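Shared between the two complexes below is chain A, which has chain B as its partner in the first and chain C in the second.
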Partner chain A sequence: MRVWPSVGQIRWGWFLLGVAVLLVWPVFADTHTPTILLAYALFALSLGLMWGYAGLLSFGHTAYFGLGAYVYAIAVINIGESTVPLLLAIAIPAAVAAVIGAMMFYGRISDVYMGVITLVVTLILFKFMNATAGDQYVIGAARLGGFNGIPGFAVLNVPGMPEWSLFGTPLYYVAAVALLGCYLICRWILARSFGRVLVGIRENESRCELLGYNVPAYKTAIFSISAAMAGLAGCLFANWAEIVTPSVFSLRAAAEVIVWVMVGGLGTLVGPILGAMALGMVKLLLGEQTVIDNSLILGLILVIVVLAIPRGVVPAVQGWWRGRIRIRAQRAGHARPRRRLATAATRQP
Partner chain B sequence: MDYAAVVVLEILYMIAFIALISAGLAIVFGMMRVINLAHGEFVMLGGYTTLACDRAGINIWFAMLVIAPLVVALVGLLVERLVIRFLYGRMIDTMLATWGLSLLLIGVVTLIFGSSAVSVPAPIPGYQLGTYQMGGYNLFIIAISVALYVAVWLVLRYTRIGLVARGAMQSPEVASSLGYNPRMVYMVTFTVGAALSGLAGGVLAPLTGLLPSSGGAYIAKAFISVISGGVGAVITGTLASSTLYGAISQIVSFASTPVIGELAMLALAIILLRLMPQGISGRFFRDSQ
Partner chain C sequence: MTSEAVVETIDLTKRFGGVTAVDRVNFTLKERELRCLIGPNGAGKSTFFKCLTGQYRLDSGNGRVLIRGTDVVGMRPDQIVRMGVGIKTQVPSVMNGLTVMENLWLAARRTHGWARSGAEVQRVIDEVGLGDIARRTVGELAHGQRQMVEIGIVLAQDPWLVLLDEPAAGITGAEVERLVGLIAQINRTASVIVVDHDMEFVRMLGAGITVFHQGAVLTEGPPNKVLSDARVREVYIGNRA
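Now for the complex of A and B:
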């Protein structure tokens, strides 16, 4: 089977191993922390898909995560049964991202300007949500609550069965299915010509344009898909935390997901997932102590990774591993032809 | 009548405020195409330096006008040597590294000064304007902002250093072949930018109060005014966008609430960038500085 450069392919063995680990985990340990790590992983996966493959860095991706959380909370308070709120928590961030993405990409805005706009959108949501403390800020039956956020809404239930609530281990399985499902969707997208065009846009935008592809449409589409996944992650987060506060839109939250993806590795899907799980765990552990400030560690990690391993940990390890295999093969006397790394680092000079 | 004067003064103050916090970022971005996301933390460090000096009994004017810029310039020099210089030409990586740096600085300041809000006493008393009580210190901010921009303009326009800096900005190759090391110019530029941020933080400390996370409040405003000011026009571009954002944000604030004023400013930034991705200066003042 041919290995396509830059797109990668699914390793069913590893995938099934992942499924097995996620499946049996609750037998051995508590599921509270793993649930939120799965939501973080899904969030990082959504940014990793867009940034690593289409080369679009949204500095404020947490806007869509937060929107997913807020939309779920507001909708479930008004509706009661959680199926429609869940769908809305995916659809509304996707729609918002489609509008903002279309505005940016059809206006030929890229790089640093895209960074500013995505960040400003997040800031607007942050400032606005912080200022909604008064009684006049209600959507249906839901008070937005300003700085204190929205507490005490119903958690997910089995579709059609409002009395069968999903929390604890069932919520963990929902998060696991969401993550695995989105991973498969990402792989499917990348395996199709749509995904290849995205990688083409990352590599050389004008060439794709000259070949006749509608580049702004592709960019808008992937931005929207990514926001949908971020919204789903936000919905899972809301169900886990059982409260939504404006801190989901904060600069810290915006930085965190970028650090996860960057550390895990650009241009891979498993990198952001592992990065988010590892650093999310670090964050939770650091949150329990007060000796060292949390941002200090996060900042230090980001600086060191950008300087020392700008490709991220997973691509670096993969490169090292393949190098070893090649050396071993050469020593054994049957040298294999050099293959381009499936996750070749691609950064603009 | 008095009310009109109050509104005008408040608008002028907001413009001066945005221009002041953007100056350091504008110089670094305009000259080096480096977006320093730790800029807000540089401003915050200037404020904390003033606070520390004030607590130590040093004259507050000396602290905010001399010590704060010097200390932050030193921090800027360290940052340039240890981080930025490895990342020239990689804009997104620079943004990420400086973002990490900003988190790092927040953490360090929290460790030293704690995470509660502190304030520095304003050294100029308020005055009465008709029936309104006004902060006298706001006038000082306006004055220092004007003085700063005039000084930067004079240096860039009339001194040899300014000439070299502009030359290195226009064409690093030519400047380098004439014997000026662009890396050296970049190092000095970054340090000067940091010093200006420190100055802004020092003089603003009595007005805004201090928190380790207060850099976040500056970075957004500075970031949007510098980017929408446009590259290649450090002074005119930044002044034009500060005027626009300052005026809009204050006018809307007077008409409704400060939060809506700020939201209006951010929304305007999105619209402006959409219409003029090259910035205001890229569209209107092509040949200015």
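Now for the complex of A and C:
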């Protein structure tokens, strides 16, 4: 008995098509831009999981993206080999989110108050990192660099082999595997009791509590998992850019990911991925000109989408497609008896 | 504490600022007992209910709530529910964006585990008669249907103590009869407290009655005795006339 249509399920045909496209892309085109789009997509996926399925909107999710980038840069400068820094870039944002999440959720803070707290955390990090110029702000061998950030750190390498750097196309494949892997993890989470309870919490938190579920624990867990994915995306971004600056904690970065998820579509996993890739591409293209401000165009796109298709692009397309199938089925259902009647009629002597 | 008491409150008091909503209430519910709490609006019965379920926290020194001998004051609602308590709230508290089956599955999953939850969902659908609406989204249903879904949610948890706040609100004649039958069925395996002010529904249940007035227990006893009590008629039935 299939009782959970509300969380959806993986469409293996579409997934394999996505794998095939990501696999053959480097054969036909440059991988530099697609690599950062994959990192953005992973970042949006992390927020889309938490916001779309658990109903938790973090206005400052870029804090964990930025932490992932900074932790990787600082750790790799001190350690040299990239395996441990990569793991730290996932674990430390997850741990920080677990602490902040536990404080918020066990303290019964939710909705707009949660948004304010997460945004304030991000802006504190932004202010702090901007104020770290000077020789006194060092962690081991890594200078934090203030406004100028941390440049020139080692990029990812094949685990255990520091001389084998993963840059260019290999980094693209790392980003592709990270995105696909995290997508599968999200699907796995949603297929388990944990994911279903999260959807229940999104729908009615107090009812879930009256069913005996420890709601703050569930919320803290998904907040931490989402931050881990955002940290991984930040690490990929740092490897792509080869520099980390406080702009990763900026208000602009915090807003961008929310726009990506809203435009792509809440309550889906593919929506945030496609939204981030499409709008990330628009952002990069707009960055090449100086006539119109980048943010104005993104804001305009958001306003148009919210007014025209408030659920976002992917849910709207899904709804339209299901509607077509339903209409076809209804027409077929009406047509069949008529054909049978006609056949019966022709058999009459 | 009485050895067979499932719920016992001792001098339970709840204040909101200067207003005393529940005033030193001593109440006992025995094993497999069905009890109705009645009273006019503002009598304190729903506040009392929320004190039992942990939705309202009691300040220290404001009495005790014992459920099977365990003092639940200070416990969160989910901790109280995990003891084996099923709760239906005054306003239907269901997951509107999910289907009826999904709502029931979430209720059954915590008590019965992954493997048995599907079968439990089917059992509840059959018992409550939700077959026609099982795959519909709860938010699309009428108020009375959502009330029945919430009763189903309580049933799916297989509780030994059931607390129902205004289960008959907004449901029609035939559904009320079905609801009375369901509550009697629940009462075969669980102790039940029903909070309601629909006198006809309370009469149909035929259970012991506790009357609340101004935050305190006015009287309690079998229905015939309570409903013929002049004080009850004055504060409750008289007010409605």
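Brief remarks on what is shown
In this section, the second predicted complex is superposed on the first by the 331 of 349 C-alpha atoms of A that agree within 3 Å, B and C clash if a C-alpha of one lies under 4 Å from a C-alpha of the other, contacts with A are read in each partner's own complex, and residues count from 1 in each chain.
Here is the rule we go by: a contact is a pair of C-beta atoms (placed from the backbone, for glycine too) under 8 Å apart; a residue touches a chain by one contact, two chains touch by 3 or more.
Note that the structure is predicted; figures quoted are calculated from it, not measured.
Of the two partner chains, neither chain B nor chain C is touched by A:V177. When the two structures are aligned on the shared chain, A:G200 is found in touch with chain C, with no touch to chain B. Applying the stated contact rule after C-alpha superposition, one finds that A:L23 touches neither chain B nor chain C.
In the superposition on chain A, A:V120 makes contact with chain B only, while chain C stays out of contact range.
In the superposition on chain A, A:G212 contacts chain C only, with no contact to chain B. The larger set of touched chain A residues comes from B, when the choice is between chain B and chain C. Against chain A, the residues of chain B that register as touching in their complex are 35, 83, 86-87, 89-93, 95-97, 99-108, 110-111, 216, 219-220, 223-224, 227, 257, 259, 262-263, 266-267, 269-270, 273-274, 277.
Those residues of chain C that touch chain A in the shared complex are 53, 76-78, 81-82, 87, 89, 93-99, 101-102, 105-107, 109-111, 114, 118, 121-122, 153, 157. On the chain A side of its complex with chain B, the touching residues are 57, 59, 103-104, 107-109, 111-113, 115-117, 119-121, 123-124, 127-128, 130-131, 251-252, 255, 258-259, 262, 292-303, 306-307, 310, 347-349. Here chain A touches chain C in the complex through residues 1, 3-6, 193, 196-197, 199-200, 202-204, 206-215, going by the rule given at the top.
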